[in-house]
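When the chains are written out, they are named A, B and C in that same order, and each has its own residue count from 1.
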Amino acid sequence: MPISAAEALLEVRGLRAGHGKIAVLHGVDLTIHAGEVVSLLGPNGAGKTTLLAAISGLLPWGGGGVRFAGQDMAGAGPRESARRGLVHVVEGHRVFTQISVADNLELAGYDLPRRERAGRIEEALAFFPEIAAKRHERGGALSGGQQQMLAVAQGLVRRPRLLMLDEPSAGLSPVLVDRVLGVVAQLRAAGTAVLLVEQLIEKALAVSDRVYALAQGRIVLEARADEADLPHRLERAYFGQDVPTPLHA
Amino acid sequence: MGVTDTAAPALKLPAAPSALARLLPFLGLLAGALLLPFSGNDYWALIATRACIYWVLVSGLNLIVGYAGQLAIGYVAILALGAYTASVLAAGNVLPALPSFAALGCAGLVGAVFGVVVGLPALRLRTFYFAMTTLGFATIVTQIALAWQDVTGGGIGIPGPEMPAPLDTPWGYYLFCLGAAALCTWLTANIAGSRFGRALVAVRDAEVAAEACGVAKPRLLVQVFLLAGALAGIAGGLFATLQSYITPDAFTFDLSLLFFIAVLIGGRGSILGPLLGTILLTLLPEVAAPLAAWSTFLYAALLLVIVLAIPGGIAALLDFRSRRALPEGRAVQPRPEALATLLGHHREARGAIELRGVVLAFGAVRAIDGLDLDLRPGEVHGLIGPNGSGKTTTLNVISGYYRPQQGSLTLAGAPLPAGRPALRAPQGIARTFQTPRLVGEATVLQNVMVGATVEGRSTFLEALFQLPRQRREEREMEARARLALAAAGLAGLADVRADRLQHSELRFMEIARALMLRPAFLMLDEPAAGLATEEIKRLGALIRAIAAQGTGVLLVEHHADLIFDICDRVTVLNLGRELAAGTPAEIRTHKEVVSAYLGG
Amino acid sequence: MLASILASGLAVGAVYALIGITYNTMFATSRVMSFTAGQLGMLGGVLGSLFILRLGLPVLPGLVLTLAACALLGVVTEIVAVRPVLKSLDQHLYVLSTLALALMIQHTAALEWSTEPQPFPRLIGLGEGIWEEKYWLPVAACAATILGLEYLYRRTLVGRAFVAIAEDNYAARALGLPERNLRMASYALAGAIGALAGFAGGQLLLAFFANGPLLNFYGFIPVALGGLGNNRGAVIGGLALGLFQQAANFLVGGIFSSVAVFTLFILVLLAAPQGLFGAAAARRV
């Protein structure tokens, strides 16, 4: 199927998912274009992490669909998603503590041809000189912030077309937050699309083109990141008073 | 009482089968068994006696495997112990010879003791360990029987005890064993239907919730191990008489497998199913003689098929009621007016629950970092904050799952012991869970009745023999459970299997279970998660009505609207500390809160 | 006497340790303790005897075939008894499904091979007395396995993927690791290790179908002592168990040595439920 320039990179339509009997997502629609940075905001328990897991195939869907780069992603697990360039960095900097930093990155390139792996690892490390220096240390020896960088670097090894980052700033000092979000800006400049789940709204907005707000498993707001009065509108959307009609561009 | 009526008139569910209807299959089997002697075929007498003896063992094992979910795979060891005990004592080759019945009694005692010894690891360890321990025990008992020749006769064996007339004929002995089997059916059914049986199943499927309801697992399991061990020991004695001569070969692991699989084929949490399973497996090798050599292989294959294809076993196949569709579009309609009757005589809170300077760290992470919190009777106290701010951890500290490193936790000035969740229910502190924790295979009513386990006064023995106090307590508990269900809006679903309920109904069922305790304090962990807007409103009204009865409610929630609607006071946590506390109106306008909660 | 206690104790201990490693290898990628571990050890002896004595193959092809057959059986275990019940790990259905499969294996061996212990061939014919090969072979096999696993886990990508899955299955899946294939591979590896245990210990334990449950139990003890998934603990625990058992055998006789082992097992488990080298498990709320 030819992919027209106008076609979105990621297209989520009516996606439903949950854990067992608990429905978390009640029909989510979301679109991301190539090279675009989109923030996904929302209060706790809104279903942001669930949405990312459903998109990457870590969680089965209860309905709806996902298309990525013109292909239907139904039935594709995380491995297939990563192969197609849809990479998910899960929350909580879950790197492997028993093996070295370099090995962590090598595992991220498990599916790549052997001769390409070393180059890709260097490429990913180039974003994070501070962990490049520690490439022979065990993942467990890194600080929380360094582990988060390593987790992002793992995602970069696959040269993603769309990188989904789940709360990369959680538990990080402000300096490190800027460091990690700075990489998002770099990626954007290089043409990689990013879907960013963030608690720090202002910092997220600063690097984003657009935002979606999720509340109680539904998209309650869609806006450009530079629109005025966003924080106030977000607050109203979260707190459940007169949910504003989603603005569809 | 009007409140127990079904809430929505559209909701018509089949009533639970009457006591007689439930008894019917057992009476049918008994009638068939009583007719058997008229066949006059002595070979059938042997097979049928064997089935009765196996059932004496399996009925007890059923409580362990089917109800408590403990995988005791080596129970043949206790059969062997009982058989050797009875034979050795009756033969008098070690001590002066005892009469057969006395020897049988001793076999039961030995069985009870070893039932507990083998069961000990189950009190602390994971399932697989217990399976292994019983397996190892079975291996060792056979080895000892072979090697300890002075007592057991080694490989040559020893004669079994002889029964006095009129039990010394095949049919006389058969009727005796049939009586024993019928008695065991009655006894174990009594336990299964009592609060002990419900607690066993709760420990199996929802151990954490059982603890919160005050179920003391070690004590409960030891009682059941005693009973099952005694029955297995007695079965061993009966078996020795039937065999008339026993050698270690009689107690192969295959036999153990038969017992174990009989329970699983029958289905967990059923008496009739394992009874049918036992009969089936005893008869199978007789009916299919050419396959006899492969019988163990077939049992194992059967086990695999059951585990993978029909985990419910025969009992699930026979459970026609649960296959009928439940009405669509049912709504939970709580009836707060029932609360006055339910909570009217509830334990008066003697004072507030107070946390002072509580610190709890996991490794280097301080999940709670110096928290003060007061939970007062009759108030709804909201606890909000971003993910990882320590809300649920706080709740787990209060309900005794975590032991804080610093600070104090008191109820009306008296310290609440840390790390002892089973001691909260007796203090009138109830809770629900973020993910509903319940017994899917039990009915909604049974699930709710678990909530009042701590109030049961009748003993295990009283339950075993259905003594008057036990019966009275059961009636009271059931009435109260129906009232709690009416209050929570689930009256019409009382007799439905819990795993057939929708998620929102399960949330209300957990509240009903907590209300069973008539709690002084009720802690709700995200009760509105996964509920529709309309249901959240009803939930809010229910919580307010509970607080109006004098119960203190701690509400951990993400739904800000619900919190601001119904709370008297709100505490906002961030990074394990109190960010703000006050009335909803104060919190609503608190600058820092808005930014922390929204993550600005 | 001390020398023979040491020789036979270390030899059976090495077999127990290898069965313990078999348990651990399956556990690492699936969180499942499989009852087939001991049966794989039993088959190592039975198939070795079948290929070498009954079919007359040379030692090396006999060994390779034995390992390959058991590796295949490992994969079958994963497909038939493990994968279908992984979704509901907390219900412990795997205990039943792997037990069922283990019993089917054992019973097939009893009926198709023999219900009596059959001889296992001498493989090399090197050494005598306490240096007889039946004593040092299991120890050598155990040492070789440990070295091989160390190499695998530390030096190869597949091995690191095993380590990663064992540590954090979810993160490994998110990273795009082929978790299912790796799990199958680890079951194949476990099959080969179990077979090696039985093959190396064949002259000591003979080719006997009833070795299955025995090895299941005595191979589990080192795992329970050393902590689930801890290979180092399994080796120390296995050797200690072998020495203790053989010493008790010589000193107080066979019956009481079994009783002693069993009692010690229960006591240690009650005192240290996570094993002597294991880490405490997290709380389940």
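Rule of thumb we're sticking to: a contact is a pair of C-beta atoms (placed from the backbone, for glycine too) under 8 Å apart; a residue touches a chain by one contact, two chains touch by 3 or more.
The chain lineup, named per UniProt: A, B = ABC transporter domain-containing protein.
Keep in mind it's a predicted model, so treat the numbers as computed, not measured.
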item: Pair joined by more contacting C-beta pairs (B-C or A-B); value: B-C
item: Chain whose Cα centroid lies at the greatest distance from that of chain B; value: A
item: Closest chain to the centre of mass proxy, which here is the mean CA position; value: B
item: Between chain A and chain B, centroid-to-centroid distance (C-alpha), Å; value: 43
item: Cα-centroid distance, chain B relative to chain C, in whole angstrom; value: 34
item: Chain B partner contacts - residues on chain A that touch it in the complex; value: 18-24, 41, 43-46, 170, 198-202, 216, 231, 234-235, 238-241
item: Chain C contact footprint on chain B (complex, rising order); value: 69, 71, 73, 117, 120-121, 124-125, 127-129, 131-133, 135-137, 139-140, 143-144, 147-148, 207-208, 253, 257, 264, 293-294, 296-297, 299-301, 303-304, 307-308, 311, 396, 401-402
item: Complex contact set, residues of chain A against chain C; value: 56, 58, 77-79, 81-83, 87-90, 94-99, 103, 106-108, 110-111, 154, 158
item: Residue ranges of chain C in contact with chain A within the complex; value: 157, 160-161, 163-164, 167-168, 170-178
item: Chain C to chain B touching residues, read off their complex; value: 33, 80-81, 84-85, 92-93, 95-97, 99-101, 103-104, 107-108, 111, 213-214, 216-217, 220, 224, 253-255, 258-259, 262, 265-266, 269-270, 273, 283-285
